[in-house]
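Each chain gets a letter, A, B, C and D, in the order it is written, and its residues are counted from 1.
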Amino acid sequence: MTTQTEEFLRSHPRGVGTDNVDLLKTAVERLSACAQSCTACADACLGEPAVAELVACVRLNLDCADVCSAAERVLTRRTEPDPELHRGLLEAVVRYTGACARECERHAEHHVHCRLCADRCRLAEDASRQVLLQLQERERR
Amino acid sequence: MTTQTEEFLRSHPRGVGTDNVDLLKTAVERLSACAQSCTACADACLGEPAVAELVACVRLNLDCADVCSAAERVLTRRTEPDPELHRGLLEAVVRYTGACARECERHAEHHVHCRLCADRCRLAEDASRQVLLQLQERERR
Amino acid sequence: MTTQTEEFLRSHPRGVGTDNVDLLKTAVERLSACAQSCTACADACLGEPAVAELVACVRLNLDCADVCSAAERVLTRRTEPDPELHRGLLEAVVRYTGACARECERHAEHHVHCRLCADRCRLAEDASRQVLLQLQERERR
Amino acid sequence: MTTQTEEFLRSHPRGVGTDNVDLLKTAVERLSACAQSCTACADACLGEPAVAELVACVRLNLDCADVCSAAERVLTRRTEPDPELHRGLLEAVVRYTGACARECERHAEHHVHCRLCADRCRLAEDASRQVLLQLQERERR
């Protein structure tokens, strides 16, 4: 299915170069979904009677939302991209989404929002790692 | 179809009160899509050979992305909501998305990304207006 | 004292038009300080043993940070400004900063970070109102 | 001089642990100033008659603003910090601020806003590197 993200990538005046559109599209969409999930999970944790036990989860959710939002915007931009810069940012994203997934998984049994958020973090982590691998491979050539 | 946004709304420990989940879900999703479209369209305009003619479009896209992102986060939060504050923010969103749609429509014939972005702005404008109407109706009661 | 914000406003290729540089500079700087304060206060509330009593404060701080950050970016931009759009956004900012100040003031006696944050919200509220008044006056002419 | 940022750091219920308050305060303040400078410089470039020659500068400014804003928020938070995550993010910040400084320096002779922005990027780069060095040293012990 052609998504909005893909349509935009294909309508860009400078094309997508040698980047893999599918990988890129998937990463942008999952970073967006992850940022939204983390904002929602931080807020849901805040609304729980046991909020005091979820403090680390709120904090990590807020950080992960900020980092994923920034990365979503950066990856969306296709004019004069700098693969070296993208790499550094994606490495940070992989760490944040991984750490947030682990923290949410600890509460997944008790809170549906944590289970949902852990899933979205893992999807964003995997997609970011795929783009990262592609960038690393290309550099080696 | 139950979307991620709806799942989160339904998993919130404090429920959604008397808010209409469908309206809210649609607004959050379209604000997210609009913010992403505006970021993409600003960048695509920047990559056009005729960028000098698209300066107002880039500027409005950047503003609209920032306002929609803020509103997306605010509407996503369900703990201790303040309908009066939401109203003021949604009124601003309706103006920004409407203005950005009009600007993008001026270039829609020449640039696919402007046509796509105008559509996303209109969808976000309509959804925000629906939530706004619901908030205004409830206040009148 | 000439601040960074003022230097940038004065170095803009399109000038500042009939806008009052002092009002604008003050608004941008206070919106930035307010956004940072709200982010810090939300986090400090989260770290308090009595976090459960500060839930509304955290939520409002997060919203206010997002709205002020968006407004700071929008007001910083001087290319092709639209006073009508600025008005709507500043009206929302005045409401958010006022509401966040009131909530933080409720906890100011017990938490230094809430007292500090209430002050920064009031400063941002006043500066935003001044820019708003100038925009409204100009429109009346 | 005790700044707002320092007052907040010192009012945090969990303290600042073994982190160096001066380094942290300086980093947060410079990341904030850099984010604002990059937003202003992107917009000023967009308003230049020669915008077509400044496309790479606009793009890098937008990215750098997003990355620095995210890092400013993350570093501002003191509840349950994770040094390992901070490291990865700061490494990305050092690259973005360095790259943006180099690009702005190329235009510094012709555009005051590029000269101002390059300075702010270098200050943010240095401060982020200092925090990074402290984190790396502590890990080695």
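Here, a residue touches a chain if its C-beta (ideal position, glycine included) is under 8 Å from a C-beta of that chain, and two chains touch if they have at least 3 such contacts.
A quick note: this is a predicted structure, and the numbers were derived from the prediction, not measured.
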Of all the other chains, whose mean CA position lies farthest from chain D? B
Hey, which pair has more contacts between C-betas, B-D or A-D? A-D
Length of the line joining the C-alpha centres of chain B and chain D, rounded to whole Å: 29
Measuring centre to centre with CA averages, how many angstrom lie between chain A and chain D? 21
Give me the residues of chain B that touch two or more other chains. 43, 46-47, 49, 55, 59, 62, 69, 73, 77, 79-80
Given which chains touch which, is the overall layout a line, a ring, a star, complete, or other? complete
Would you mind writing out the residues of chain C in touch with chain D in their complex? 4-5, 7-8, 11-14, 28, 32-33, 36-37, 39-41, 43-44, 46-49, 65, 69, 72-73, 76-80, 111-113, 116, 120
Chain B residues touching chain D in their complex are 42-43, 46-47, 49, 51-52, 55, 58-59, 62
Residues of chain D defined as touching chain A within the complex: 55-56, 59-60, 62-63, 66-67, 69-70, 73-74, 77, 79-80, 82, 84-85, 88-89, 91-92, 95-96, 99
